[in-house]
């Protein structure tokens, strides 16, 4: 069990020594500490993981002490306790591969979260939800019903105390209002190697362009389509022999891999968003 | 020693049996035969490699017999004899890595060609040419001198009977007239993963966008910048830790790898250009 | 719908022209034809895919004509009709990831086969079989019960007309007798990069050795443990930061990927076994 | 310019806070700090990079202060100043690719070191050394002359104050005595994916085994052949189509890539050797 702090602040001397000393003086063993300095922008990023068994005061007390400490140094920070299991809602449409992949990794304990509900804009994947005994809600999202749908979906997310929404090939563009209400915690998988092939049918685009590799990109969803901060990407080599349909099949595996990694990084508190980029402390405990 | 035929034609029944029988009846052992059918466009592509020792008539005779055979079937074709060593001109600017890589692979016998001249728009890389005892010509290509320069360079290419021009980070955009005079046989390396990041400074573009992988693309140069048929691409994983300069360094290795593969595929007669795509028979003898 | 011939024979002149002409004269359109010549051993390999709609005689007639044709040339061959859906039995133990992966790809139509039964040496994965409505049989295979178990399992395989057995992390070593009765059609996934790390607990072996990449290998099972012809392999980069348990987790994804590819290659009749090696015509239709 | 400390010690509470505070109290800005805890063995590893401009005392003073600090905590440590350019000797035989690759990266500033001499057991690569104006010494190392050769080579290494020996396809097994005299600072490239394919002709071994990927491994040389701590590995996908000679060609690129990375990691003080494993802080400044 652990406590993770994610911190960003203007670069300065003594940040690492000061911060680690703060936690040491509070009696903590530091399990892992990672930093990154953006030299172009003079911003300092830190991820600090502590042993929760060393916590001798209440969580609120720790947080208010750290808030005071950080205020002097211009910290923007968040704290995460590993015994609070995050709740994730998965949004789907008709393609089941990413949904299956997430449910399996969750069931196997690789992705640590609860998934109290799955939302579809079509009823097609209810049987998958049933296999894993997770409630499935169908909101038939169309241009006309968008406003009403989003309102009802937000309501469902709140009722279930959802911490993260994962768009697992949801195929609908959510409004800025909806995304805002989710406070930026919406991860989307784009079935293309961004920034190339934005928008619809990237596999046909890739075929027509004759590219030799195809890819997928997981990113935080923003109001601007397929343009939010990138979390993870991957590619596979392809050849002229593959039809658009076969490219799509190859793409499926990449999408699963990339989306599950992005979700894992988020849930393990490895990501700091910085403007339109992400700092991902991908490795380490 | 071998003879390679590259063929494209409208798809039809009996093309493979007919063509292989043609060569068999001419006494040839077929070393390798590869095909591809583009089902969307109904076009058939073939690469056939023959043992040159089986050639019993003159080359001209073989070619005119095959021309007659192919005319009935709508063949567009070319033939290549492995005992005719192709002549390659390398165009460079200031960055030496791709030039070195090509010269080494040529010296080691991996890339089979002669390199009778290297052309730079700056004198910076003359010392590299000297190391390998290859004549170096400097044509100080600027917007004002472009017309004159291109004329002189074309003249040099003709004098040396150049079969292929390789733009090894040449950093200049050649005119449609120049490319036309080279008959499409100009390979360029773009230091980015096309179609993303066209144009200048792709590594800074990649940094600003926060991509998690960077790549390079080798393609035939066309009058439209960075848009010609793609031959080969590759990528490497990167992280937020890399500055634009370090991305550039990572990119160098990818550029070398991708460009040398593309040149090799071309010189081994593995590529058929089809509209804006390439059919690359990358494997096999 | 298609007919696929897999052929191996001593290398000779005219094999390609002769064989394609045979099929052309029988009225077939050749959809794809791939060859490989092992120059060290002078063996010729061919995979020929025909349009089944061109079949004008009975299958038996075609086969006996081809047998006569092949006998003169020393062909070892097999023929496969795509309208006969192969039947696959999956053997499992306690780890569910490869089983899930195969069932999903089968359900999605990526792997074309029927899976009439799943056999476990433990009852743990019955719930997975249930999810996909596939009968599950538990044969509690131990050293004492091996002979009896294998007999009963063979019986079950025969009753269901099984064409291929897939050991999806079965964790038991089957006898040569059993494998022989399956006629070599048993694919195993080894959770290590063979020939390194044969035998048990390869992830701990890899950790202790401090390797920087781990891998998995799919191969045909033979009486000699982990030494049968390799079909497919893959690796992922790892670092000192990963514990043996985390290596295992990384390995899971590689195992799924490698096993499903191997099964696909087998079911698409892309593999010719040649001594202890495989010729895998991995690409193309 | 920077100072890098590499530290290993028994795991304990407060190591990070204590060590960073030590450097902070000495007036240093910590540019980067990386740690790793081996939970199986309870060993703590640290790499700390400081801004050299913050050094206010003599280097000897800093070192003795740190020695006192570390002694209480059981530190094994080393310190490296980036303004002291390490001197590297490259040992070669007949294959030039790794040598060229290293010389080019050194010339381009990617690998930061001096290369005052190249040693060959054959005279074949003198022309490469000449191209880069580096003295070349030929020691015709055979079983009979080994003792004499090694003595003379050690003499040459000492005269040139060599910090690191790189065996760039040297093809000779150096004695434990020689390696001991080099104090473990000898990096070898093995043209195979260790621990598979130890010893001679790994590409033929790989061909005969029918592997689907080939690789290379860079490791510290120890008296036991091809068994020293692994620094870096990589692989490429291959198919049955490649002959042993073509596997060798593919291997060449992997060898260059892997060896240059290993040398770079060593020279950038990113490696801590721990028993027979390495901790490689591969990323970060």
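Per-chain residue numbering starts at 1, and chain names A, B, C and D are given in the order in which the chains are listed.
In the analysis below, a residue touches a chain if its C-beta (ideal position, glycine included) is under 8 Å from a C-beta of that chain, and two chains touch if they have at least 3 such contacts.
On a predicted model such as this, the values are computed, not experimentally measured, just so you know.
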* To do: Tell me, please, which chain's centre (mean of its C-alpha atoms) is farthest from the centre of subunit B?
  => A
* **Result of counting contacting C-beta pairs for C-D and B-C, higher pair** => C-D
* **Approximate Å spacing (C-alpha centroids) for the pair subunit B, subunit C** => 37
* Asked: What whole-Å value do you get for the distance between subunit C and subunit D if each is reduced to the mean of its CA atoms?
  -> 41
* Which parts of subunit A, given as residue numbers and ranges, touch two or more other chains? -> 36, 239, 241, 283-285
* Structure fact -> Per the touch rule above, subunit B residues touching subunit D in the complex are 96-97, 100, 104, 108, 110, 131, 239, 241, 249, 252-253, 257, 283-285
* If you look only at subunit D, which of its residues touch subunit C in the complex? -> 36, 38-40, 193-197, 208-213, 215, 229-235, 239-241, 243-244, 276-280, 282
* Could you pull out which subunit D residues touch subunit A in their complex? => 13-14, 16-18, 20-21, 23-25, 29-37, 283-285
